[in-house]
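Have a look at this one before I ask anything.
Which chain is which? They are A, B and C, in the order written, and residues in each are numbered from 1.
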Amino acid sequence: MQTVTDNQRFPRTPYVLLALGAALLLFGSWWGLFFAPKEQYMGDVQRIMYVHVPTAWNWMLAVIFAFVSAIAFLFTSNYKWDSRLEAGLEVGSLLAFLLCCQGSIWAKPTWGVWWDWDPRLTSVAVLLMASLGIIALRTFVEDPARRAIWSSVATIIASVDLPIVYFSVKWWNSLHQQQSSPNTVSPDFYIPLRVNAFAILFLMTGFIMLRARLASRRLAAEVTAPPLSEAGEMA
Amino acid sequence: MIAALRKELLLQWRSRAQFFSVFIFGATALLLFSFGVGPNSEVLRQFSAGFLWLGLLLSSTLTLAESFHAEMENRALEGLLILPADPRALYYGKTLANWIQLTLLGSALVPVMVILYDAGTTRLLSLLAIIALGSAGLAAPGTLYAAMTSQVRAKQTLLPLLLFPLIVPALLASVKATSLVILGDPMQTLRSWISLLAAFDAIYWSLCGLLYPRVLED
Amino acid sequence: MISALDRYHPPNMSEPAIQADHLARRFGRRWALADVSLVVPRGTVLMVAGHNGSGKSTLFRVLASVLRPDHGVARVAGFDVVTQRADVRREIALLSHYTYLYESLTARENLHVAADHLGIKRDIVMSLLDRVALSSRADDVVSTFSAGMRKRLSFARVFLQNPSVVLLDEPYGQLDPEGFALVDDVVRELRSKQVTVLMATHQIERGASLADQQLILAAGRVQK
């Protein structure tokens, strides 16, 4: 079985990233909430876009990261990719969940309903379910090799599905609703958006790194070397 | 692969009583859906396509899980692999057999749908084609996931948990297409839904076949 | 099957039939095989003895390329069990404590399935059933079979293949005295055909009388 690697070179990096990310998020959000001008048609509710849009961008990155990790594991059989996959799945699920909450918070005052079947958000929800399913699968498989292979396969299948889900929901919805994208933001608002985008990127990366390390350590604890011959006994 | 398919069909034929039970399950589901909505025949007719496909989807979890039961009892699947048999051939044999069974199941549920929801149509051939394409979309990833979950403790819950989010596009397309066939297609959109379904099938029949040997490794 | 035959590599005749170095395999935290090395020359019979849980079945499954070893390497019939699985599988036949049978199919049908997958004609099946004294039950469903009958059917399945290495995990298990004689005959016949045989058994005297070499496993290691 391949050895599990742990990043020894920059042990402090995730913490730096987390601190930086948190600081930027506070800054960007403060700007977005209080400093940026009121959006013309939608009012204060639109301010949630300052976290919603960056969260969405980063969620996409997390999905791509998980997909790449899955493929990397299947090709290299190196368990560091499995740890990264585990981290990517969990952090991605968290981001997806946040996206759904943010989307609902925006939708209720705007459309009067908690969920408006927006194709983007619906795709997020579907992929959230899929990734929770894969996380559940991982908890039920004891053999680390099988667990890694199966979750990589399932992740690849689910990631390939994402664009298909998006298009199918878009077509499905287009017959019924006027598509007013909640994501339009005018150029005046780009700075807080970008600040928050980087903020969440740093936070996400920091969390993924920490979570991957945790996964690696757990895996190392599971896998021990075969017991050596007892001293003094002739083989 | 023909060998694999022959075996699958023989096994299915032997357990044909099981097929009947699954059909009853599906028909009962369709009945329950109508109780959920109420005896409003107009509304029921509107949603008949959705009910049919949901019923078929739920039944498919039983069928798919069952398709690996015989393989796992005495580790027959392992026995085949060390003959040696090509895992990809085994996959396509089983997926084809599952596809046939799901198509038969779907077709059997059509009369139930027609009766319960007053959802008749003269375009039977189109309807059968949609059922075939939709079932293909369920069969390919379903067989792969059934192979995984049959070896795991919580098999009953994991299979639907993994499969359902994945087949959303196939479900949407099948329901939409079926709906158009039953209720009418004023804007001629049927073709695009069928293309979506066909694309989904093509992608997943190849992708899952590609990945299946890794899933069987130990 | 055609594609598999295209990539057929003939076995390496100069190597020993089986060569294993420091094989280890764990299940959870328990090492079923801790450190097993062995060499089995071609055409010989090796008897593997050991208490329950000593790792015999695991060893056989690793050698049959069914299980991946966590450590160590093994070559069977000149092929590596991890990187050349398909070739190993073509050369071996495994009689496992899993019967590999389909409960809802008859004896004959089970053998037909195996024959189909091997790409050989089905005519041979009846003679194999005769050999294992199951021809009277050929069309009975396997779920009605006793453990001994299933064992016999598994033997018939092994005969369908054309292995150069045969791994018998507890061949005498569940059999009656006629069955014992059958196994003895089979092992002698295989040996006369230069087939290498590994036999895990608790029937020490019987096994020893047939075997050229003996090996004892305890707690996943080779003793003696």
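The rule is simple: a residue touches a chain if its C-beta (ideal position, glycine included) is under 8 Å from a C-beta of that chain, and two chains touch if they have at least 3 such contacts.
It should be emphasised that the depicted structure is a prediction, and the values quoted were computed from it without experimental measurement.
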item: Farthest chain relative to chain A (centres taken as mean CA coordinates); value: C
item: Central chain (distance from its CA mean to the mean of all protein CA atoms); value: B
item: Gap in Å, rounded to a whole number, between the CA centres of chain B and chain A; value: 31
item: Geometric centre distance via CA averages, chain C-chain B, whole Å; value: 38
item: Interchain centroid distance [CA atoms averaged], chain A/chain C, Å; value: 48
item: Contacts with two or more other chains, residues of chain B listed in rising order; value: 217-218
item: Touching two or more other chains - residue numbers and ranges from chain A; value: 143, 145
item: Two or more partner chains touched - positions in chain C; value: 68
item: List of chain C residues in touch with chain B within their complex; value: 1, 3-4, 64-68, 85-86, 89-90, 92, 94, 96, 98-105, 109, 113-114, 116-119, 157, 161
item: In the complex, chain A residues that touch chain B; value: 74, 126-127, 129-130, 132-134, 136-137, 140-141, 143, 145-146, 149-150, 152-154, 156-158, 160-161, 164-165, 167-169, 171-172
item: Footprint of chain A on chain B - complex, ascending; value: 141, 144-145, 148-149, 152-154, 158, 161-162, 164-166, 168-169, 172-173, 176, 192-193, 196, 199-200, 203-204, 207-208, 211, 214-215, 217-218
item: Complex interface listing, chain B residues touching chain C; value: 2-4, 6-7, 10-11, 14-15, 70, 73-76, 78-86, 89, 217-218
